[in-house]
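Notes for the one structure printed next.
Every chain is named by a letter (A, B, C and D) in the order it is written, and numbering of its residues begins at 1.
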Amino acid sequence: MTKSHTAESATLTGVIPPVCTPLNPDFSVDTASLVRLVDHLVDGGVDGLFVLGSTSEVAYLTDGQRRTVLDTVVGHVAGQVPVLAGVIDMTTPRVLEHARVAIEAGATGLVATAPFYTRTHPEEIRTHFRTLAARTGLPVYAYDLPVSVHVKLDAGLVLDLAAEGALAGVKDSSGDESGLRRVIMGRQAPFSVLTGSEVTVDSALWMGADGVVPGLGNVDPQGYAELYRCAARGDWEAARAEQERLARLFEIVRVGGARMGGSSAGLGAFKAALHLRGVIDCPITALPQIPLNDDEVGRIGKLLAGAGLL
Amino acid sequence: MTKSHTAESATLTGVIPPVCTPLNPDFSVDTASLVRLVDHLVDGGVDGLFVLGSTSEVAYLTDGQRRTVLDTVVGHVAGQVPVLAGVIDMTTPRVLEHARVAIEAGATGLVATAPFYTRTHPEEIRTHFRTLAARTGLPVYAYDLPVSVHVKLDAGLVLDLAAEGALAGVKDSSGDESGLRRVIMGRQAPFSVLTGSEVTVDSALWMGADGVVPGLGNVDPQGYAELYRCAARGDWEAARAEQERLARLFEIVRVGGARMGGSSAGLGAFKAALHLRGVIDCPITALPQIPLNDDEVGRIGKLLAGAGLL
Amino acid sequence: MTKSHTAESATLTGVIPPVCTPLNPDFSVDTASLVRLVDHLVDGGVDGLFVLGSTSEVAYLTDGQRRTVLDTVVGHVAGQVPVLAGVIDMTTPRVLEHARVAIEAGATGLVATAPFYTRTHPEEIRTHFRTLAARTGLPVYAYDLPVSVHVKLDAGLVLDLAAEGALAGVKDSSGDESGLRRVIMGRQAPFSVLTGSEVTVDSALWMGADGVVPGLGNVDPQGYAELYRCAARGDWEAARAEQERLARLFEIVRVGGARMGGSSAGLGAFKAALHLRGVIDCPITALPQIPLNDDEVGRIGKLLAGAGLL
Amino acid sequence: MTKSHTAESATLTGVIPPVCTPLNPDFSVDTASLVRLVDHLVDGGVDGLFVLGSTSEVAYLTDGQRRTVLDTVVGHVAGQVPVLAGVIDMTTPRVLEHARVAIEAGATGLVATAPFYTRTHPEEIRTHFRTLAARTGLPVYAYDLPVSVHVKLDAGLVLDLAAEGALAGVKDSSGDESGLRRVIMGRQAPFSVLTGSEVTVDSALWMGADGVVPGLGNVDPQGYAELYRCAARGDWEAARAEQERLARLFEIVRVGGARMGGSSAGLGAFKAALHLRGVIDCPITALPQIPLNDDEVGRIGKLLAGAGLL
């Protein structure tokens, strides 16, 4: 296990979108749409999949639904690409329960945040990740998402945990590119640095990041795959042009505006776009999120058309 | 159900401590100690119990452990006092799962926070509580805990939900006594306003609050029961003197200081005190909390002695 | 100086409203209205005045305007009651400049926040207040206003500074009544604890606070004076009734709602009420605050009428 | 005026370091050292100077000291490079006072934050910048510094103000590279986008930023000038290498660590480095900042040596 762990963590690069979770009108998981979405992503050229992350509405899915998603995606992918599983919960014991399920389902790696809801401390965050690594045997990726967790992972702590082997990588959705660079410059290989940004992927790759986990990659996987390939072959001008096209497309997440929460606006936009593109059957989001209205969906359609996706 | 709901919510008053969850050295729930703790509280004169709240380390308990706690406490209490159950999770669907278990176990009412981890919105919080009320049939108490949830429940929203019957009460641990007063003055009976403060109970009762949910009540239930009785009979001088004694005792939560998170320091202190008083067998707290050391436990002992509890 | 310092700080009790700064339509200080406002307050029975606090729009006043306010108020009061002067600025050297002006003008004491704008530290806050005390020779009151300063003054630090004589008191506008009680219980006399709350004055006095600095006291000084007198003579029921009347009146600060900042809504409401009551000539607030519109002023008028003030 | 305004704002590019303010042991401004620092920067190849920014300890300087700095620098520079002046204060009227002084002193442009200390609103921020532009006649640059101002300038608002001519540019020290890109992509020329980051300059320039305002540029102006020239001629590999060298040097700001505030650690490190390099006579920082100790200064010396600067 340790050997394959190292091998895997060393090779986690490229585009690994956080997979949306299509729902039926009764809020159950729409596995048929989920399978189509997986095909849409894999056919689009992505290098891995991340299920049960924030973009997957993991915070809204019951444990049963989480298991359905895992079984559906891991089963359908059948080893074509790595499948990382989010194990998002408040503290170590609850995260370990999700990890057990993910391991049984055959996930390639685990993605965990620092503790949340509790008032935590850097030394407790250290213990948390160490415990996850020691008890699961799978590569653990730290998910740095201060907007949800209300703690920023310190670059020094991430580098410590990388050096001792407790972390195989980091998914940095903090928006703090200075901290991202500090981790990139300070890490010892192999340690995968993945940006969670949709709009600074070219610059993150330029700094030395290994890959990207873009929610918008659900909508346009080819775009991010192309962006990554351009960067990989050193054609940075083309990478930037593609990134700028995708940045304009990313305006879809602002359509919902101030009448709903940021999660509703972002996840709702991704699902509306997937529905407009014919990938999923129903754009519904889980409760208590506020749905986009017809006018808003229309504006998303126009942004999609502007990006050449409709 | 609706009838008993109204009856129950109308009568939720007094001291309802959030019950600590004793753990064995292997981190499993120590049900024998839990039963002793329940007896300690009920014999101490409390008016109800709140299990699976923050003080219960609910954020650290697996679903199996949560069920064990519920079954143990509801079973042992056997109707002597109401038992409220925390249904703490990120969003409506996950909270509803916990609610189902709590209802099966026989809880008297449910205590839920606003959504967390997700980026939410007041209208989503409204939908959240409405949905919980409509689907569970039990009285729902809003748990206002910005230090964990990172959202303050607006007094106007709480009053709206009270007026339409979606909320049976609020447990206000926000520390915002102005907001507390706004709810007290604005509510229409029956709506239970409970303060989560350990040290401003006399003043909250003075303003018109119905009761208190003090974590420190685990350590000294007689103290809070006495404080409540003094206030209830209008002997405010005696209530204040008792409150001041308890406020001095509350210094135990500051012993852990800056070398650990606030949860570790607070919950660790309550458990250390319960252990020193002989109520529970083991003072251990769940991972990844940092344990108090011998020196710190010694200082807690001195504070207990100073309060006449050792 | 030290002697009178001690004497003064020992006796600072009662109602000390933060005095609004009336402006002319060209945004200059309307000294005639300011004098009328001072008379309105002193005749209303207040025990002191606090000029150049947040309610005085100190953040908006130029240094010249601050001096005009000081000279006008100190000159007109002529020793009838103590006049505290806010010395609100980012750091020690700038605060000392304001202090020099306040001392020249004859202020009785100084009110200073922790440093803001800079990223500060508890030991720097300690140095800040120590330096102010050492260099000014006047009683220094700490102004705890996290909503503006983005730091909460720690009760332990306040008590340290009180014990060493660097602070003569605290104006607690943090809304954290637990911290307020900790200071009240931990202080050694003489140290004035003043609450900045408009709606929990009875409970703060009940806990042992010495006085109150209510922005709403501009509008209804008699109300707060009556509340304080009731409490002072032990008639707590009457104090509560008066407090509840004032709490209903305080709803005027919510009229502006979400279309403006909290400062605009609060300060605008106080000034609109003073204008409606005939105390000041013009309700204008300083730039870039958004003015209340006619409808909003009308609603403030109704709340005034409801409180028996129109 | 409008014509030269446009011309100037169109040409603000390159390296514009925020100039430290050397102090004498008695905390007065050390103008001789300041002149040497200006020469060090101009000789080092910078394209402009920004005085009275956060790195200049503007929050700690009295109005008299601010004027001394302005007169000294503008006088000495004598038009060789543009000199931007920070006009940092809480609200519009106070900022306008600083602007008046800066205009008299001959500053080329003004740098202003959103209002702080007050509880503000986007529409008030809009009025604030509009008023500054209308009343000063100089190019106004928005200073986006949430760590001090506790408000993030919204990209949409910045673009609105740019489109209407109220803003000539933005200095983005928010660390939010997604927002930076949104402004870069959305602006209409001429509008100068300057990053305040020390460690992501190559990527900001890559995205299309016009320049950089690096505090660390005080210590190594040649480094940033070289970085900018590499980028300007399209040699991005060399730009990245230089950036990475500077990023390692930037570790000096972490030497002070948790025993002081972030301002003390950062500003203290810059001044210690300038003192070690022989540019300024005394490394003292203004009160109430905590000074670096000998051991810490020694570690800064080692980092300087490692960067080839000692």
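To be clear about the criterion, contacts are C-beta pairs under 8 Å (C-beta built on N, C-alpha and C of every residue); 3 or more make two chains touch, one makes a residue touch a chain.
Computed from a predicted structure; not experimentally measured.
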For chain A placed onto chain B, the superposition rotation in degrees, Cα atoms, nearest 5: 180
CA centroid of chain C to CA centroid of chain D, Å: 35
Chain A-chain C separation of Cα centroids, rounded to whole Å: 49
Sites on chain D at which at least two other chains make contact: none
Those chain pairs that satisfy the touch definition: A-B, A-D, B-C, C-D
Chain D residues within the chain C interface of the complex: 27, 54, 59-63, 65, 88, 90-94, 97, 115-121, 123-125, 127-128, 131, 147-150, 259-264, 286-290
Residues on chain D engaged by chain A in the complex (per definition of touch): 175-178, 181-182, 185, 197-200, 202-203, 206-207, 236, 240, 244, 247-248
